[in-house]
Every structure is written in C-alpha cells, then in structure tokens.
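Sharing a structure here in structure tokens format.
Chain lettering (A, B and C) follows the sequence in which the chains are written, and residue indices restart at 1 in each chain.
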Amino acid sequence: MNDVDPQHLRLLEAILFSSAEAMTEQKLAERLPEGADLPVLLLELRNRYSDHGVHLVRAGKTWGFRTASDLAALLRVDRRIERKLSRAAVETLSIIAYHQPVTRAEVEEIRGVQLSKGTLDVLLDQGWIRPKGRRQTPGRPVTWATTEAFLDHFGLESLSDLPGIDELKAAGLLDARPAIQIYGARSGAEERAAAAADSEGLGDGDTEEIVEELADEDGR
Amino acid sequence: MNDVDPQHLRLLEAILFSSAEAMTEQKLAERLPEGADLPVLLLELRNRYSDHGVHLVRAGKTWGFRTASDLAALLRVDRRIERKLSRAAVETLSIIAYHQPVTRAEVEEIRGVQLSKGTLDVLLDQGWIRPKGRRQTPGRPVTWATTEAFLDHFGLESLSDLPGIDELKAAGLLDARPAIQIYGARSGAEERAAAAADSEGLGDGDTEEIVEELADEDGR
Amino acid sequence: MIDGFDDTDQHAGESPMTAFVVDIDGYEGPLDILLSLARDQKVDLTQISVLQLADQYLAFVAEARRLDLELAAEYLVMAAWLAYLKSRLLLPEPPGAEEPSGEAMAAALTFQLERLEAMREAGQHLMARNQLGQDFFARGQPERFGGNTLTVLQVDLSELLRAYGAHLQRRQGAQPLRIEPHDLHSVEDALKRLRKNLGHAPSWESLWRYLPPGTFEGLREGRLSARSALAATFAASLELAKGGGVRLRQNKPFGPIYLRAPQAGNSENEEGGP
C-alpha cells in the first residue's frame, strides 16, 4: 500500500467526493490518469476513511462516499414520514433480492398470490430492480434482479451481504420452483437441503434438467 | 488540539458532507451536541483535510467541503450538463430499442408522426444509437440500432432484457385502457361502462343531484 | 397487517376462527391465512401438524361460508386441495401411485409456508436497515467543474419502458376501430320523439316529461343509456329551438328547463311561463 500515488489518491478522493451518486469502477477508471491502479487506490482510500464520519462504501461495482451509519441517529434531522412501501412491494423486493434472477411467475408462486399491478413498477421506479435476461423456458419470460442502486440504498456491498442469505440458502429456502416440484419427487426433509444446494448456482436450464432427473428417479 | 472529541469531529464531518446547503457556524452549532467546541472542531477538521483532495473551506460565515483547487485542471472533464430528454425523444429511443434495426421513416410510421430534426441527433450525440447498415429498399435508407452505451446507461445486459408487451402490461407500465373501450356498449356492458364513465366524468353525486332535481320538479 | 403477523399473541385466547373471519380482508390469499394458522400452531414451522392445519383451514372456510362471506375461488381451491391432502394423509398410500405421496405433498406445503415466511422476514430485515437519504447520506452539494462539458441526458429505464408502453397504447387506439352496437340514445331519436310529442303539449312542460320511459330510474342507477337519453333530449331541444320548432325556458341558472310548442297560444302569452 505504500506505493500508492498520493496525487492519484487525492484525485480519486475529489472525484468521489464531488458526486452524489455512487460511481462505477469503469467511470472512475476513465477519469483517472493512465496507469493509475484503481483497485489499490479504492482500497487505500476506503481504509483511510474507515474511522471518519464519512465512509467510502462499495455497492456492487459502484463506489461512493456515504455518511457513517453509526451516526444515523444524530444525522436524521428531518424526520419526514418515509414513503412506506406496501407489504406486497416489500415482499416482492425481498423475493427478487434473495432469489434473483427470478420471474414474475416465480414471485407469485412464492407469495401464493398474483402480483397486482403497480407492485413491480414501484420497485422499478425506485431504480431498485431491473430486467435481467430471459429464462430459457417456454414463453421465455423476463427475469428480474436488483440493481446497484438497491445495494447502495440499503448500504449493502454486495448481494452476499443480504441479511441471513447464507442461512436461507443452507436451509434450502432459496428455491423458487413450485414446492410440489421440489417435493413431488423426493420426500424427507433431509434431502431438501441437498436438492436446493444442487439447484443453486445453476442456470435455469440446469434446474429443469434436475427436475427431469428427479422425475425419472421417481419413475423407477 | 488534543482535546478534540473524536465523535464530535466525525459528526461535524458528516454534517458538512451531507448538507445540501452552505452551513453557517450557527447552524452547525445547532446540529452538534451540547458542549461541542465548534471553532476548535472546525479548525481541527480543516487541518486534517489540508493535504487531501478535498478541503474544508470557509466562505464568509459558511463552511463547506470543496475539491482542492490544485486538482481543478485534472477534474475539468467533469462539467456535466444534465438535460431532460423530450417525450418524443424518449419514445423514439424506445421504438428504436424495440424495433431495431429501423429506418427513420419506419420510426415515423410506427409513431404516426414526423420526427423533428434534432431528435435522432440528440440520441446519436449521446451515443445511444448508431447507424447500422442500410435497408435494401428504394433509396437504401439508413437503419438505426442501439449501442452498448445504451445498454450500459439503462443497466441492461442485452436487448432481450427489454420486457415484452405482456410483461409491460403485467408490470403496470401499460395501464390506462384506450378511451374508446370505455364506451363498449350493449346492455350487458352497460354497468361496466357506467362505472367507467363515473370514474372519469360525472361522479355519482352529480347524477344524484340531477335526479333529485328532476324528482322535485316532478313532485310539484 | 404486518404487525398483526408479528404479534402472535394477538389471537391467543380467542378462537382463531373468529379472528380470521373478522380479518379476512387483511389476508393476501389462502397461503397467507395458512401461514397465520401455522404460526398460531407452532413457532417453528417445520414442526407444524399439516393435518391439523388442514382441519383449521377447512373450519375457517366452513365458518366463512356459514357467515355468508364471499370467498374468492382460490380459497375454495385451497380448501379442496387440503381436503384431498387430508385424505391422502389418512388413508394408506395406494400401491404404485404415480403422483407424489401425501407426505411429499405435506412437506411441500410446509416448505411453501417456510419459504414465504423467510421472504417476509427478509423483507422486514431489509427495510429495518439504514437507508440512503434517511439514515445515511450522500454528498449534499455535488460539485461541477469547469472546462469540457459533458451533456448527460436524464432518462432512466422506467421512463423508457413507460414511453414505449404509452406508444403501444396509442397505437392500439389507432387500430381499426370496431364499434359495437350500443343502446345509447341519439339526438336524431330524441328529435323525432320531441317533434311527435310537442303537438300534444300546448303549455309549458318540463323537459323531463319528454325523456324516454325509464330514464328516471335509469338515472338513479347511474346507467349510461339514461344519461345519454337526457343529453340527447336536451341537445335535440336546442336543435329544435334553433329552427323555431320549440320554445325553451329556464328561470334561473341550473334551474329546470321547460319547453312547449311555438304555435300554442299567442306569442305575448309566452312570458307567463309555468
């Protein structure tokens, strides 16, 4: 860390400090002189600010200075009544965040009710979700994922910082398939975690394959 | 300088950083806890930032962080002018995105109105669209398509991420029925039509008044 | 509603059934109700008795029907499924059955409840976090610098998609328009009716008397056809008056409108009015 160019560091600091929005690593790199080592600079800068009242925080691939969260109680001056998201919108947001990429039908499967109009678009208007590719299943439905603005808003560095995500994964609860598909073929709770672990991290096509495989297994 | 309360200093830093307006010493004092020594804190903070890319500067009676003046030359590119895109331009962009590659005449045909001169230019200047070959029709018109920068700006990974019509509808992005549908009419549709008409024009209350008036009149 | 869920003690002591029937509007579908019933049963959802849960739900549906509450179809579908599940759990598995066992179905239901609850809790944890612009803040006075200008167009994905949606809508509206036959009243009809009836009305009569039969009731019910009858008759009366076919009178703004045939009585008497 000693070989950090102090001028580069000051420049990066000034660029980040002057922007209200978190900036992508790509934009930052474009703004720095040729040869500046952005990753090292970012880590060094974050380090230097770690005990300040302002922190350098990462949200996905974006970075920005944000006031330290431990000062929240002291900074919250105008206690304007925050715009409440509906319960449906909060649930939908958490399902998209934890299960992403996830289709509308899967969100409905998990919630057990149809998504009413105005739920997804509230989240879209907030800039918290975005469409992300299509599922390779009949109808090729759009899948939804969260944005970096979502991470930034909730002070998350990355999706793996979502509260409790590891536990939920381990418990097999992050599986958006219809429940009976998960259980139809196998029974016994001990196998559930294994099945879920299998499906996680795989592409959608793979999930389908697994389901078919399980079905075969059952047919034996 | 040693007796500066580090928490007070952090708070002052966060307040100065996040405040949307220039802060007078009086306002700063109000935001700090009882007993905080503002003049000492300000001097200490200014001192700590003296070799940073950002300085704490005093202008008249107000204090604020400003990027260090010696970096001005390096920060020059950063003059951003934010412009609202006209509705016509947003719509044109969306049509190019959904229908690409598409010629100017086709965009006009799809929109049903002539494109004004600057519309494509604005999108071109922004780097969101680019010419992409020519249509093999008389006059061999240029076709337009969106660019990587377009995907980048809108946070899309590929064009197939754009939701389809049904998905737009489902997400509530395509709501109001065309006005004429409201008057779909036969007796069976009457109640629905009346309800729809109610919600638009004459309220129930109005009708009641008219009816009452008529009844009065009748009763005489 | 969410508070209602957090507070598991809320329903304690009273019959869960009464609580649910009272609250039915607050629930988002059968799964939501099942989750609440399950939570009343056990804190740990994995330990709930699905058989008991099915009974509770069926009792709830029965109670709702007894009270004549209108239940959406999905509630009844769930009831039917749970009744089936119950029978599968109670009866021995038929040999060589192709479909999932009763136990698998029960496990699937438990999983569904667990998963929904997990997401609900996750949402609450998320919203409980410090939030940007509320608990922690970005730079309050972003700086702009001199020199080269970089024009940035401000438009986000949501606006882009809405613009396309608006366009589709208009295009839909511009498609060949098929107008269904309707029973709205036309001005032409009203003209005919007025002409025909005016002869019998030598004195001032309320416009109301010239409306087609049933208009009064129709207006009370807010029917579109009645409104159109009123509007058409009024427009027809203006049209007639323009050609001297009728005399109109209104004593005050928004007051009742009267009409009569012009040839009735001599012209000086007209001022008498009703």
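Things worth noting here:
In this section, a residue touches a chain if its C-beta (ideal position, glycine included) is under 8 Å from a C-beta of that chain, and two chains touch if they have at least 3 such contacts.
Since we're looking at a predicted model, the values are computed, not measured.
Chain B has the Cα centre that lies closest to the mean of all protein Cα atoms in view.
With centres computed as the average of Cα coordinates, no chain lies farther from chain B than C. With centres set at the average Cα position, the gap from chain A to chain B is 22 Å. With centres defined as mean CA coordinates, chain C is found 34 Å away from chain A.
Per-chain CA centroids place chain B at a distance of 29 Å from chain C.
Among the residues of chain A, those touching two or more other chains are numbered 17-18, 65, 67-68, 71, 75, 121, 124, 130. Annotation for chain C: residues 137-140, 143-145, 156-158, 161 touch two or more other chains. Residues 9-15, 17-18, 31, 33, 51-54, 65, 67-68, 71, 74-75, 77, 104, 115, 117-121, 124, 130-134, 141-142, 147 of chain A are the ones touching chain B in the complex.
Residue ranges of chain C in contact with chain A, taken from their complex: 1-2, 28-32, 46, 74, 99-101, 103-105, 107-109, 111-112, 114-116, 118-127, 129-140, 142-145, 156-158, 161.
Residue ranges of chain A in contact with chain C, taken from their complex: 17-22, 64-69, 71-72, 75-76, 82, 85, 87-88, 90-91, 93-95, 97-98, 110-113, 121, 124-125, 127, 130, 152-156, 162-164, 168, 171-173, 175, 179-180, 182-189, 192. Considering their complex, residues 137-141, 143-174, 177, 179-184, 206, 208, 216, 219-225, 227, 230, 256 of chain C touch chain B.
Chain B contributes residues 6, 9-15, 17-18, 31, 33, 51-54, 65, 67-68, 71, 74-75, 77-78, 155-158, 160-164, 167, 170-173, 175 to its touches with chain A in the complex.
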